[in-house]
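Letters A, B, C, D and E mark the chains as written, and numbering starts fresh at 1 in each.
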Amino acid sequence: GGGGDDSNDSSGQSGGTLRVYNSEPAFLTPSGGDDEPSIYVLRQLYRGLVKYNAETSAVEMDLAESIESDDQKVWTIKLKSGYTFDNGEPVNADAFIRSWNFAAYAPNTQNNGYFMKRIAGIKDVSPEGEGAEPTAKELSGLKKVDDLTFTVELEAPFSGFPTTVGYVGFFPMAQACVDDIKACSEKPIGNGPYKMDGSWQHNVAINLVRSDTWKGEPGKPDRIEYKIFADVDAGYAAFQAGELDVMFTLPPARYKEAKATYGDRMYEQPGDSFTYVGMPLYQDDFKDKRIRQALSLSIDRQSIIDAVFDGRFTPATGFVAPTFEGAREGVCKYCTKDVEKAKQLLAEAGGWPAGKKLTLWANAGAGHDQWLQAVGDQIKEALGIDYELKVNLQFPEYLETADKKNFTGPYRLGWGPDYPFMETYLYPLYGTGAGSNNSGYTNEAFDNLLKEGDSADSIEAAIPSYQKAEDILGEDLPVIPMWFNKVGAVYSENVDQFVWNAVSDADYGATSLKQN
Amino acid sequence: MSDVVLETRDLVKHFPLTRGIVFKKQYGAVQAVDGVNLQLRRGETLGIVGESGCGKSTLARMLVGLETPTSGDLFVQGRNMSKVGAEERRRGRRNIQLVMQDPYTSLNPRMTVGDIIGEPFEVHPDVVPKGKRRAKVQELLDLVGLNPDHINRYPHQFSGGQRQRIGIARALALNPEIILCDEPVSALDVSIQAQVINLLEKLQAELGLSYIFIAHDLSVVRHIADRVAVMYLGKIIEIGTEDEIYDKPTHPYTQALLSAVPVPDPKLRGQRDQIVLTGDVPSPANPPSGCRFRTRCWKAQDICAEQEPLLVVRDKSDHPSACHFAEVRDVVHATE
Amino acid sequence: MSDLTSAGSAVGGAPVGGDGPTTEPSAGGKERSTSLWADARRQLLRDPIFVIAFLYIVVVGSMAAFPKLWTSQDPRACSTDRSRVSPSWEHPFGTDILGCDYYSHAIYGARPSMVIAVMATSGIVIFGGLLGLLAGYYGGWVDTIISRLMDIVLSLPFLLGAIVFLTVIKRQNIWTIALVLFALAWPTIARIIRGSVISSKDLDYVHAAKAVGARNSRLMFRHILPNAIAPMLVYATIVLGAFVAAEATLTFLGVGLQAPAQSWGTMISVHQVYFLEDPWLLLFPCGLLVGTVLSFILMGDALRDALDPKFR
Amino acid sequence: MSTDVNVKMDALAGVDPNALPLQVKNLHVEFRTRNGIAHAVNGVSFDLRAGETRAILGESGCGKSVTAQAIMGILDTPPGFITGGEILYRGVDLLKLPESERRKVRANRIAMIFQDALSALNPVFTVGFQLAELFRKHRGMSRKDAKARAIELLDLVKIPAASQRVNDYPHQFSGGMRQRVMIAMALALDPEVLIADEPTTALDVTVQAQIMALLAELQRERNMGLVLITHDMGVVADVADQISVMYAGRVIEEAGVNDIYASPAHPYTKGLLESIPRLDLKGHELSAIKGLPPMLTNIPPGCAFNPRCRYAQEVCRQDPAPPLYQVSPSRTAACHFWKEVKGDE
Amino acid sequence: MGRYVIRRLLQFIPTVLGTMFLLHYMTSLAIQFSGNPARALFGDRTPPPALLQAITERLGYDNPCLDQRGNPCFGLFLDRLQNIFLHFDFGVNLRQREVTELVADAIPFTLKLLVIAIVFEAVVGIAAGVLAGLRGGSFLDYTVKISTVFVISVPIFVLGLVVREFVGVKLGNVLRGQDWIPDLISVGVFTPGFKADYPFASLIIPGMVLGAVSLATTARLTRTSIMENIRADYVRTAKAKGLTNKRVIGVHTLRNSLIPVITFLGVDIGAAMGGAVVTETIFNVPGIGRLVTMSARTGESSVVIGVVTMLVLVVLIANLLVDLMYAVLDPRIRYE
């Protein structure tokens, strides 16, 4: 990070009030906020060990001086000195250890406890057994060396560890914050370039102003106002009425119109959220990979994207978002429509049970039924398999159905990366016994390739192993990749330069306003 | 006394006044009827007169079983109706039928005349066998002077007088011995009223019916009744034959009532001995002590407030009268 | 003088009341049995608004009952290749976002909308009517219990209640939606019936029937109910319309019918977002829906006028 | 007394103090309803002298109230329309006056009492308010003075404890007292003509006697003309000077009170008198008028009474309806056979 | 009067308890049948069991009865009642915020919205109804009738969306382009949604949309009521008193006619709260309706119970006020 001198010479770049769209955050604490709206605010209030390069997604040191390991298992982290929280507490090794311990300890009920799962000793603070009580309050893997140095021991080697700690869940917390977490969420004690002005006006607004305790590169706007909307359509209407400067997302159906109206002020970029149709491999009908391939071959992804989403997505031909390092096109050879081949594969697999309907699953109320219906229509047309939709489960029940592996047919789900490292698309979804492996996929070769990558010497060195693993998926199709989103943000005429970070999305602190 | 078809002994009806939601507390009662003794003989017409709200209708409703008496006994042909079972009471009720006041509301607008008059047969299927009911209804229509062909018409297609005839036909359906008429002609025009009164008299002569005839029009009552009872605030205050009441009234209230009736003869104007009462009828929820009429009575003395006068024959009268100072006074022919 | 007053009646003495003031011109011969309903029918048929509304409902009803009569297209033959095509000769209403024929959708969409409205309305009429009748007729503790029950349901704001129930029930098909609409709306009808029963149970003709010995059931169903039914009928007609609209609103709120079920509600809520770009996607189902609701309400109005004795 | 406040503030142009307080000439009123045109009033005429009581007698629906409403100018229009005739107040034709002028006549010069006092009084305002309103709007009095006058009036109509009752609502009064309040309201501005539309029909006989006595007293005091609408032959015999008998919207007989009772000249009047049971005449069967009054939408040609009339002959069934024959200098009857009727006893 | 109020308040108890139990049972069933709502917090990621369990406990969904399908969970209900009535503790939502706090945040917006809606509905509805009622059958009457009926037959969300798009955005943008229009109007009133800077002005249009739903009913009710009263005898009396037309209508007709309308408006508060669900979503008003919709969808039973219970109380109290108002407006209604 550079010093605070550059903003002074480029006059007209700094200052003003940036009004942005947001939804109501869940928690404004690093340990609790795991939802998009929270993260958007938290990233301006707090800063962590590393940050991501806006264009390349590469990891850059932020508060950390260095993050190093010999064995990819025990990591030593050295901090820069001189940073403090808004309340004057120093940002030191304790601030990080405190924060991570606090999140991990199950009785604290912090949502980001999930992300501490790789750190040694997690089983003691957040045991897995039904009704088991934690036996420790602190993670045994975190050790303070001196004020500005601490070590992190992982349960298993993981070469991508430095990429993960840029996530808000790994940001530091002040002692005062941990002492009264509720108050800290209402009026955060941050260590970042902005601090809250007043307190959180729930469902209405969150206003940030520049923090004078921040030593790093200052944010561009003097003030960031997050206007809170419950509904993206309402937000877009407000944008149209000139009440917002940045809208980081668009209502799906308004994309075309927005592009026409705000073409030059629209920011588009491939995104990283992955939508797929999972295959319940635990059902006999889907055990044969040729069936899965046939289904995938029947789908014209682009046509669905054009019809239902105004062409806003990128058809997926692989399992890793194209923006990620190591991602390749055409990993999945069955991901473009080819009816002849589909029919042939289906026939080879012995055909589909006559008269049996394919049940397509999605959770209710999120608008998935539309495109799923189109998928069904295409399968029906290509393979003559009639389908029915099962789209009435609310999200909790839907997820429980997934956890319990009770789907009776293809199901829609999505995945967003936790850190900018291609492993995030692989192990959690397809690793044997992994948390989000809903299809019940298990493949020893795949698991071994992942392990190989995890213990590679560096991030770069890990990639080839992961790519091999992805190739296996491309053949086995435990899930049918559908598409990756495309970022579509619009900004107002007041905005001079809009900054989008490939990993952490819209960066309001870096977005500058026109001065007049 | 075998010819007494209906008798009441100390018949009382109090409507409780309550308050509270779960635990209802009674804080008073409307003493609508308070100890009425009556006898009705076969073939006779007993008139009941009195001011509005004095309890005439309530009494009538108890007699036909629409209201359960608070206390007291009702004998129909010697049987105590409050002591017999529900089924017998229902059968006993057949013997007393009711003709109501308002011909416009007493007929169900959605039923045909045939259904209305035939309803008693459906309720008591043993009276007329199924197949003959229609013929019987037509017979009844004919009896009350309506065109039997109109059996399928609806009430709104008839005039008030005609409707009242339908009501009478319904009352006659079960061959009752007693017909209770609660102001049957009050709602009718004079010219029509006469038609109905004539019909009632004719039916009585033909079928040997006994009538209890309630009205507040004293002239009509005199015209039709053999005996007359005068009610005031839930009690009978004077009872006697039509001549005794009209020509020799002894209770001050009866006298005032009679004197107030305008006589359609301009020659008598200013010559009658008119007694204009002051004040209103007291509330039946809170009647005066002793004699209930004392608050409006020009003869009232201390005793009237203390002692309730019994309905008995006194020295200066030849028929029962509930006044300590009962005394004959001729008001109708006062100064002729 | 009696010979002059008796007008040749068979029995004598009592004059026959001739043809009363309200008798129709003496057409001789047959008696036409006119009733209030017959009167009302005649008046309704003379009311152009009623006739138009009624015809509209007949059309919509036939769409719901016999969709094949109106279209030969399969509403589920879709192709994303022809998504949101404007109306044309082949697709008179255009196509929807999935490229299905919008016209046949609209036709087939009538059924769920109408079935839900009709089922829920008959439910509240039967159940609400019965409870209202019991409460009004018996009074006392029966009334207390039923009234409290009505209070409880009525104090839940309708849409909120529907959202809570439907999210809980989760199976959002026409049965459950009808059930929820029914469960939340019956007290209104019960209240109406209770009111009119209370006011009509003391009518003279009820007492008259009681005086001839009629039992409770007879009094209730033969005398009280038929006269309490007019306000209920009027209300039921209006409620039918309201339910058609409620189904759409629930769908908009995400607790209504779900794909692939097709109702006007789902059509509106799926396509409302396109109403600036492709307004017809909203206009067609909305038009059908509004027309239906409007027709029901206007029919209810006309019915009220026709049944109102003040107007005859 | 406070006669000063009773000075009419608004003078009415063209008033001839010597003319009769009220004259109705050939009044026609019809109702245009869905079921056709109802001819409610078909040529009613009568005069009213100061201090005189004119009774208008007739069966239900014969047009008595409509006549009264037409005189007051409070007919519901539509459906009611005055299609002909004149209503003269001291020589001024009220029907030709503009509404603003007409309003000044109401209550000030011609007042009216209605049959059902409960529904005729506004249930949501106190009796005092409704009385005081008259003084405030017509005399421009202050609230306080108007209230004082209201109490005086209640006293005048013999309501006990008037100063307390003035703040009560109509439903808190008994039937007789309400009717007295109505009378007080009608007399408030000291009108010259009072129209009483069945003022005692809803009341008990004892109360009726009180009210009629009160009305007679007040009428005498003020030398007021009274139009008494009723169908009670007894009341008429007690109080009326002149009688107009109406049938099917038409005056069919007009005479002084004694003449009519002694020898009715129209068969309808005669039938009416014979069909009342009389307290003093017990025994003989009532002679009813057969049949029913005609529907006003469908009045039979000729004499409207002909289908029910025992004297009716061919001429009665043909138009035109019988004119008002001069029976004696002071009485008329609309019957071709009035002589027979009158002589037949 | 005080007695009456107390009695009515006592009557609330069973209603409120009944409603709470109903909601409690529904939400318990939801958990029993579809699982722990806390699970949804983690979405695609499977949470560590201990964490999930801790959160479940914190949210109060750990009662074993919630695992037994159909169990009414009386124990849990009693606990909840205790918490609510003894500690005023309605529990927390999934984000661990106190329900009381959530409601306190949201309710001012909803109340403002309701006030605007009711005032709009009352003023416009009554005015339209009076105009239509006075000229029954005229062109004006017809226009009012058709236009109001048309408004009710359009589902509120369609109305809301159209108004937001055309009035809030399109028209608003035009107005905002004019310098001479004050910001309060162009930015505050003509806005596509609620704005914290114009907490009242920006609710006017949403309030009007909300009010529009019942506008028709108000107008029609007023119309019928006026038409009934304009023929009433006391209006005739008022005319006979020589009062001006304005006074006859404005004083003698209107007050009587408004009694049923006011009753309706009171009852409508409940319905309007329901409508607020849609309006608040469309116009981004951070009120109760939006809160409860979201909570119902995510299965946050404590929020649903808490919020709806409070709403029910508001509805009941509104009804009580209406009754009292009724007594004020109509002296015939007397309470002991």
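Basically, contacts are C-beta pairs under 8 Å (C-beta built on N, C-alpha and C of every residue); 3 or more make two chains touch, one makes a residue touch a chain.
Everything numeric in this text was worked out from a predicted model, so none of it was measured.
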> Take chain B away without moving anything else; what clusters of touching chains remain?
Replying inline: one piece
> From chain B, what is the lowest number of touch steps before chain D is reached?
Replying inline: 1
> Between chain pairs A-E and D-E, which one is joined by a greater number of C-beta pairs in contact?
Replying inline: A-E
> So, what's the distance in Å between the C-alpha centres of chain B and chain A?
Replying inline: 90
> Quick one: chain C and chain D, Cα centre-to-centre, how many Å?
Replying inline: 48
>> Suppose each chain is reduced to the average of its Cα coordinates; what separation in Å results between chain A and chain C?
In response: 51
>> Distance between chain C and chain E based on Cα centroids, please, to the nearest Å.
In response: 25
>> Which positions in chain B are in touch with at least two other chains?
In response: 159, 161, 195, 198
> For chain A, which residues are shared contacts with two or more other chains?
Replying inline: 233, 365, 393-394, 397
> On chain E, where are the residues touching two or more other chains?
Replying inline: 33-34, 165, 281, 297, 299
> In the complex of these two chains, what residues of chain E are touching chain A?
Replying inline: 33-51, 53-55, 58, 94-97, 102, 105-106, 164-165, 168-169, 172-173, 176, 191-196, 280-284, 286, 290-291, 294, 297-299
> Which residues of chain B touch chain D in their complex?
Replying inline: 51-52, 159, 161, 189-195, 197-198, 201, 216, 218-220, 222-224, 242, 246, 256-269, 274, 276-278, 280-281, 332-333
> Tell me, which parts of chain D touch chain B in their complex?
Replying inline: 59-60, 174-177, 204-210, 212-213, 231-238, 240, 257-258, 261, 271-273, 275-280, 282, 285-290, 292-293
> Once bound in the complex, which stretches of chain C touch chain E?
Replying inline: 148-149, 151-152, 154-161, 163-165, 167-168, 170, 241, 245, 248-249, 252-255, 268-269, 272, 275-276, 282, 286, 289-290, 293-294, 297-298, 301
>> Per the contact definition, I'd like the list of chain C residues that touch chain A in the complex.
In response: 76, 78-81, 83-84, 97-99, 167, 170-173, 254-255, 258-260, 270, 273-274, 276-277
